[in-house]
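You will see two complexes here that share chain A, one where it goes with chain B and one where it goes with chain C.
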Partner chain A sequence: MTRMAFSKVVSSLALIAMAAFCAAQATPEQAIVRAIGSVDQLCTLAAPQVNLGGADNIGSVAGSTVNIADLSDDQTLSSRATDFDVTFAAMCNFDHRVTVSSDRGGLWHQGGTTVPTGFADAVPYQAAFTWAGGSNVLNANAASESEVDEPLDINRPAFGDIVIHVHVDQGATNAGAGAPLVAGTYEDILRVTVGAQ
Partner chain B sequence: MEQKLLTLVVAGGILTGLCAAPCLAADSATITVKGTVGSACRLGDLSSSQIDLGQLSNNTDGTLASISGTPSTTITGSWCNTGSKIIIVASPLVAQGFAGAPSSGFTKAVNYTASASGWGSAIASDTTLGNSSGAESTSHSGSQTLNDPEANAITVSLSSFSTPASGDRLVADSDYEGTITVTLATNAAGSP
Partner chain C sequence: MMRTFGTFVFAAAMASPALAATVTQAQPLTVLGDVPVRCKMSPPQASDGGSNTSFSQNGAGGEIDFTNFVDPVTGKLAASSAQIAFPIICTGAQTLTVTTQNGGLTNTNVTSPSGGFAARADYTLSASWASTVQSLQTVGSSASLDLSQSAPQSGQLVLNFTLAPGNQPLEAGSYDDAIVVQLNTAQ
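Presenting the complex of A and B:
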């Protein structure tokens, strides 16, 4: 073997080694990191705000209590027309249901007063409500003293105001139109619930 | 590589010895041994392949919560034996289970800035640009180059979380997810 032969061997090995390093250089290295998180289902509901502008026959508002000025008409002793709006700022971040409920199904007389024939001890009313482009009407018709509910399903997240318009017809009673009301205090609780369907 | 070069040196010695006695009294042979080291980069191992941010919204109004601390993970054992370039590309956190576009005022995406630090003094960072549906209309990335070889840990951290529009509420979803891709490559222009 001559020096020339050596030189050829060395040269050929060096070329092979360089080719191998060139291949490694061409491949960038990558790492992938996942960032994860979650958002819980959430509904919020603020305290009610009674809108006195445009209201009819409203005496005062104290917190969450709306006092009707005169539930009965001085001449007929039957119910007077009454209107007011109440809004609840609300938000739900998922498909949800809004339910408006009347605890007693009408404005019922408080206490165990005997109701003479021809007199009435309850006043029916309607609570029409709108929310997130949908609407429904709760009819608290005072047919019996029991809870009534009306749901409204919204199949998307929503936020804004739930607006409830409460209306009492002139002369509406549970003893027929225009029946006189027995004296006393009449009361109901209107309840708004937002949550899962 | 080292084994091949050693073989050549030994073979050279044997031939010199064989030729010295029967041939000329004084002779010499030289062998030039050469080697090369190619340019290469290696990304090490992730301490964790995911960064869990937990609950993203606050429970008072459903808007983006304040993410405490600086969530991060570390890539240890990385090196480049020449100049290098580190590139980071992030995608928004998007609700995986929420179909369609969210309602007005809501978002199914959270944007953030992802940073790769520790590789030289500069930081490569990238900020996501998702809209309320999580789509991005422009591509983006962050990078920085290093002229010298480097061997170090790389910290990938997330910060500056935001919603596409200020005050957006986040839709409920148990799985918000985004990805951060870190690429380390040789940089010929910066090679010593």
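Presenting the complex of A and C:
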């Protein structure tokens, strides 16, 4: 909107300049200058900001990496409940879509270990997100190690914060509730994309 | 003035193709969590009735009582057996050892048994854990079985105690041994 307003201002000034030019000619002539402007469809998305205020079981945040303090419960050896909010400041100046994706469909063991029967090597989680009055939930259920995504279409321009609440249930694993987790590092990458529908 | 006019029109015309442009933005958030190697061992349970024995759990351990320790007629060690099991789970590599402290059921009040008598009842200890089976025969000194594993395991450590009939009468008194099960995480 700002750029369009600016274009109109430029357009008006150009017409005035033409009038001065024509007044200096012997033969009156008329010229019409059409001033146009455009605003590209544009989305912006800032780096994630993790809200540690209401977080549970979060150890540290370094740049765009969230480290869970204790992914496993030291009594049950299964997963420990975890919660945190992360916001992405965003703007789109047209009807658009926000997509939240999980690269691996859950927090998966980094690999290199044989997983014995009865043990788990992935932790499912949910990522509930809100944006511009809409909401959706990405269910990274760790059923298989593959990408999952959830879109949210917003049929108007919007700006503000995309807020994602990430939640891990106590004892949630890909080998059933309460299964012990194989030792190691677990990882997933959550991606937020804003763009055309 | 004309040059300015021409430049203005050119710039406006260049703006038109950009109308179709769309900018898509994406941001990643990496979520990491570590699961350390942890082990848990539950108190032992008698896994079968054995023979001439009774078992009672006591805290994290327990006591095997050889109820008919000797033949009441000959005073010699009677055949007995016991089997107990410790439920164990480890999320990674672990060290597991089973140690007999005395190396046999020993009458510690007898430093030197009288001629023809024994003051120690030896037994065979067999231990199985995660497809590994180890055994030893006590000989009067401390000895250990190593059942360590390099992978996560869940199951039972089963200990079998077998006392064979003796060929010497045992001196009167109390006989005991302590079997220590030691479980630790290993990296």
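A few remarks follow.
The rule we apply is simple: the second predicted complex is superposed on the first by the 162 of 197 C-alpha atoms of A that agree within 3 Å, B and C clash if a C-alpha of one lies under 4 Å from a C-alpha of the other, contacts with A are read in each partner's own complex, and residues count from 1 in each chain.
In this section, a contact is a pair of C-beta atoms (placed from the backbone, for glycine too) under 8 Å apart; a residue touches a chain by one contact, two chains touch by 3 or more.
Quantities reported herein were computed from a predicted structural model and do not represent experimental measurements.
The partner that reaches more residues of chain A, of the two candidates chain B and chain C, is C. In the superposed model, A:28 lies in contact with chain B only, and not with chain C. Once the two complexes are overlaid on the shared chain, A:37 sits against chain B and chain C alike.
By the document's definition of touching, neither partner reaches A:146: not chain B, not chain C. Once chain A of one complex is fitted onto chain A of the other, the partner contacts of A:135 are absent, as it touches neither chain B nor chain C.
Of the two partner chains placed by the overlay, only chain C lies in contact with A:118; chain B stays clear of it. By the document's definition of touching, neither partner reaches A:155: not chain B, not chain C.
On chain A, the patch touched by chain B and the patch touched by chain C overlap at residues 14, 17-18, 21, 33-38, 40-42, 44, 94. For chain C in complex with chain A, the residues that touch the partner chain are 1, 4-5, 8-9, 12, 15-16, 18-19, 21-38, 40, 89, 91-92, 151-154.
Residues 1, 4-5, 8, 11-12, 15, 29, 31-43, 46, 49-57, 59-62, 71, 73, 75, 78, 90, 93, 95, 102-103, 105-106, 110, 112, 114, 156, 158, 169-186 of chain B are the ones that touch chain A when the two sit in their complex.
The residues of chain A lying in touch with chain C in their complex are 14, 17-18, 21, 33-38, 40-48, 50, 64-68, 71-72, 74, 77, 82, 86, 88, 90, 94, 107, 113-116, 118-119, 123, 166, 180-196. Residues 1, 3, 6, 9-10, 13-14, 17-18, 20-22, 24-25, 28-42, 44, 91, 93-94, 156-159 of chain A touch chain B in their complex.
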